[in-house]
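Naming follows writing order (A, B, C and D), and every chain is counted from residue 1.
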Amino acid sequence: MLAIALFGAGRIGRIHAGNIAASPRARLAHVVDVDAGAASDLAARHGAAASDVATALADRDVGAVLIASSTDTHADLIEAAARAGKAVFCEKPIDLDIARVEACLSVVTDTGATLMVGFNRRFDPHMAALKAAIEAGRIGRVEMVIVTSRDPGPPPRDYLERSGGLFRDMTIHDFDMARWLLGAEPVRIQASASRLFDPGAEAAGDHDTAVATLETAAGQLAVITNSRRAAYGYDQRLEVLGAAGMLRVANPTATTLETTDPAGTLVERPLDFFLERYREAYRLELEHFVDCVLDRVPPRVTGEDGRRALLLADAAYLALDEGRAVEIPD
Amino acid sequence: MLAIALFGAGRIGRIHAGNIAASPRARLAHVVDVDAGAASDLAARHGAAASDVATALADRDVGAVLIASSTDTHADLIEAAARAGKAVFCEKPIDLDIARVEACLSVVTDTGATLMVGFNRRFDPHMAALKAAIEAGRIGRVEMVIVTSRDPGPPPRDYLERSGGLFRDMTIHDFDMARWLLGAEPVRIQASASRLFDPGAEAAGDHDTAVATLETAAGQLAVITNSRRAAYGYDQRLEVLGAAGMLRVANPTATTLETTDPAGTLVERPLDFFLERYREAYRLELEHFVDCVLDRVPPRVTGEDGRRALLLADAAYLALDEGRAVEIPD
Amino acid sequence: MLAIALFGAGRIGRIHAGNIAASPRARLAHVVDVDAGAASDLAARHGAAASDVATALADRDVGAVLIASSTDTHADLIEAAARAGKAVFCEKPIDLDIARVEACLSVVTDTGATLMVGFNRRFDPHMAALKAAIEAGRIGRVEMVIVTSRDPGPPPRDYLERSGGLFRDMTIHDFDMARWLLGAEPVRIQASASRLFDPGAEAAGDHDTAVATLETAAGQLAVITNSRRAAYGYDQRLEVLGAAGMLRVANPTATTLETTDPAGTLVERPLDFFLERYREAYRLELEHFVDCVLDRVPPRVTGEDGRRALLLADAAYLALDEGRAVEIPD
Amino acid sequence: MLAIALFGAGRIGRIHAGNIAASPRARLAHVVDVDAGAASDLAARHGAAASDVATALADRDVGAVLIASSTDTHADLIEAAARAGKAVFCEKPIDLDIARVEACLSVVTDTGATLMVGFNRRFDPHMAALKAAIEAGRIGRVEMVIVTSRDPGPPPRDYLERSGGLFRDMTIHDFDMARWLLGAEPVRIQASASRLFDPGAEAAGDHDTAVATLETAAGQLAVITNSRRAAYGYDQRLEVLGAAGMLRVANPTATTLETTDPAGTLVERPLDFFLERYREAYRLELEHFVDCVLDRVPPRVTGEDGRRALLLADAAYLALDEGRAVEIPD
């Protein structure tokens, strides 16, 4: 049984708390949050203690920490936990600054700590089935990857101002998908981005609509299309063209009900947003992390994956600003 | 080049006229109709002569006749044409009376005439693909056949009064489908029928909704469900369960356009009615008939197929009237 | 918090035990089974006591019993629990003999006990969405219901011998679906059944393939098609034709993955069997039962629903044996 | 009745010849080809004369010419036909050199000739339905367009060497789609292209896989993904995201047959290539051209559309060569 200390009692922290509590191999030991009331409420719901960082890290029963607090705390908490000998699960991103990320990863390496980064989509059953089909050779060599990723609606302006921008906040998941599905590192990126509908994005100097194109050294291409608004819900699709065929993952719906009437045949719209769409992904991600710690399995998503995705986001901004193709540093 | 005399210049006659005219191996020589104006118009459109029956049958250039006139003329015209040495294509049914059908088929046999009956659905590319998949062994032995057949709306009362009733007018096509897909003769039938919405059916002593269940000697089952109304268009689907899998044919749509919005994802409704749905089936059926005559190929739909379907319709009425399972005579 | 005693620690009992343990408003207090080891194991897994019937019913903390033991124990246990003042959830059927069912329901009525019968499909999100769409008037008056229900493979012969036959064991769920979706009681039934592939069914005097057709007094029709084998998995579909349109529920799949290659586009097959297909239905059914007991809500599936479904099964056998339409007794 | 002279008796010329012959308002008067045998054969099949260019243009009965000869003859033939007072339908491209295109269009303007360019996809019923849905306001303002366009397999190397390269030969159709669906002119383009599988493309200095991203002044984005190979057939899909929803057009299949077996549910693969996929588009395109000439309707695809698509292809090559975003000249 792995005792876990959770840092962050917000929306995503509550998801993880529920999954820890429901896991047959884990228990929630501490909840830490700057909002003491939020920490106590969540701790009480799952029989954990509301603690501060020092107490949680000093608890020798605690084998792992799960970091779901605000982005600017991630790197410090990773380092502190690693130094305290805990395994670490950290929500993306490690930090918005690549130098800070690299410094943090050095500490992780030096301490030998286990670090897993929360690219939850790799655990989504639909997307994992697509990856498994690639690995089973069902479409031969991957030639082109197309990632469609659209939120149901834009976040508030103040969120955008702290987010690092669309490419670092939203596309970062899609960069990880592209790397994962290409099976090779992108070496070059181009980007386009617009402000089409969100005054908040305009005010924050951010964008609401974007396209990024990646190339690997072998010439495989990946295209990511993003929008902060899809009137019909959360739109998360993958398409991979290979030498021998094509794989696609569509948006699951809540039910298979179809209505046929004079207007046509209507099926349900996609699920609303990530909490519904990736509910199972969050659960499986947590189970994998528990397995990593208890069974000493290497994490399927590493700190290096987090760093690579941020490198791509940074390069996307450089490409966008200079209107040119940018080489991805190593 | 096969010269064809067409009897009947109504809706279905015009379809056949167009297909004859467009066929590379046939030409329309005569059009005969009790409505002389209709005959002249249709003849003029395709460079044929408006004639009477005797003239058309006496024309030694005419190799075949196509009978699309009213049902009560079919058997007489088949006999006259067979005796005149012409090949015959006749729209279903041969007659509404089984004794008359059998007498007519005797004449056909005695004269050695080629007779093909217009069960057009066997030529529909979708349905033909399903039949081919059965014959290719894709689902093993056929165990159950389900035929869904619903018209967009009920016909006028006076049509119903001359139609022989739902089972002889509408289900007769589905009986042919069931026989064809079972690959064996049904030996037993049960039936249910209702008047749910059509005052015309009520007035004519007919039904608007029905189910028939067929069994073969080996125990294979077929279910036919009928309605004279489907708010969403013409509904013509097949499903076949076999030992190794299931085959299905859905309603084709005019285009693949999908709209996704907050209400869900909407695709087009089925095509309106048989003239759109079976346009290609009518064309291929005619081509097959031309091949039968010119290349001495046996017709894929025979007079015996017409007789068997009518036997099933008659048995369905007996089953309905007596509320019991009825054995199908041979 | 509702304390529940579970009778039966077999496959279905274990499902319910898990759902009781996971429910926020219920806990598993006792597990009773003729196999003492099975009872102890399951009790231990969820912190319950392995007990006998008398002990469980004498426990004043226990508010409800869940009966998932063998069919021949159902009626006795219902009566004992009702007399002990417990609310009762009983897996279908109450009994295979209609007189015993009616005697049992008298006891339930006399004691005023809450009784819910386990027609789990009503709680399946897909099927419940279809029912809700009917009730919202989306297709107007219901005219025809089509229930497709096929198991992945036949059960063992000894199961069949105790099962009461296909109509009482398998179709009984479909009879409940038909009644529920028609929104009116069937008054008449016809049936066909075959032995096409299962030697066990042959040996047990049972069938492996069947069709039943139901009619209501108003003339609405329902068709149920059953097979004990579907090579592609568990096939559970509904279709309802109404005055204004059609509703359908398809088989959900584990993922939305599609592979397109020279053979075509392949999507996943249906889920394997009822434990996967109806996992969520079992959970929601249990939650509803807990709500019924704690909040004094009337159960959505009653003892009368259980009795009506058995009446239909009995009538189906009479119809089958006598080859005729049979009126359903009240 | 419009008499048409056809220049070019190759694959695409034969398609047009058949559509002219089948049109109720047109007839094929002349066929001209450098291969005299091909011209005579095709002329004979449709009752036309095999002629030379001068004879065809001198024929006062001829109202229009259809140019389906090799690309390097297009501009000269357009000019000659325009000067001879004929209406002109020309297959894309007008020329591979933009200066030559512009000179040719000057002649067209000066002579007042009607010129229509063969961007046949605008007439495809599926794609036209999508465009109509945009114009009907079904998804509000267009924000992003995604054009998927993949050939079943690469053309021969010698074709590639004369083709002007992937962007001018293949993507040119997709550039036209993007302009049409955006409803505004792209002002900026970026491009990526690879040689992943086709030795012929390698040898010819061409590419086999490519992505192009377009932006309008308002910030709308369009993404085109191309491959010269799709193992599963001809892949031609559109997706348009708007403020209020999304429209998509999928690949039509020959039939709706579905096979469900232990491997899953299989539907047919896309149609093989453009002759099958766009058969109806070619027919409707020809009908529109005939209407343009006979009814003095302005063509829905103009010489300017041809020029704009070539400008985009040229800009795509500049963007590719210099690894930067390129502004589109006017």
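Observations
The rule is simple: a residue touches a chain if its C-beta (ideal position, glycine included) is under 8 Å from a C-beta of that chain, and two chains touch if they have at least 3 such contacts.
In this text the structure is predicted, and so the values were computed from the model without any measurement.
At the interface between chain B and chain C, two copies of one sequence, more than half of the residue numbers in use appear on both sides, so the contact is built from largely the same positions. Of all chains, the one whose CA centroid is most distant from that of chain A is B. For the pairs A-D and C-D, the larger set of C-beta contacts lies at A-D.
Centre-to-centre separation between chain C and chain D, using Cα means, comes to 58 Å. The mean-CA centres of chain A and chain D are about 42 angstrom from one another, to the nearest whole unit. Counting partner chains per residue, chain A shows two or more touched chains at residues 139, 231-232, 244-246, 260-262. Of all residues in chain B, those touching chain A in their complex are 231-233, 260-270. Remark: chain A residues 139-140, 143-144, 146, 150, 188, 190, 192, 194-197, 209-211, 213, 215, 218-221, 223, 225, 227, 229-232, 235, 241-246, 323-325 touch chain D in the complex. Those residues of chain B lying in contact with chain D across their complex are 22, 125-126, 129-130, 133, 138-139, 244-252, 254-262.
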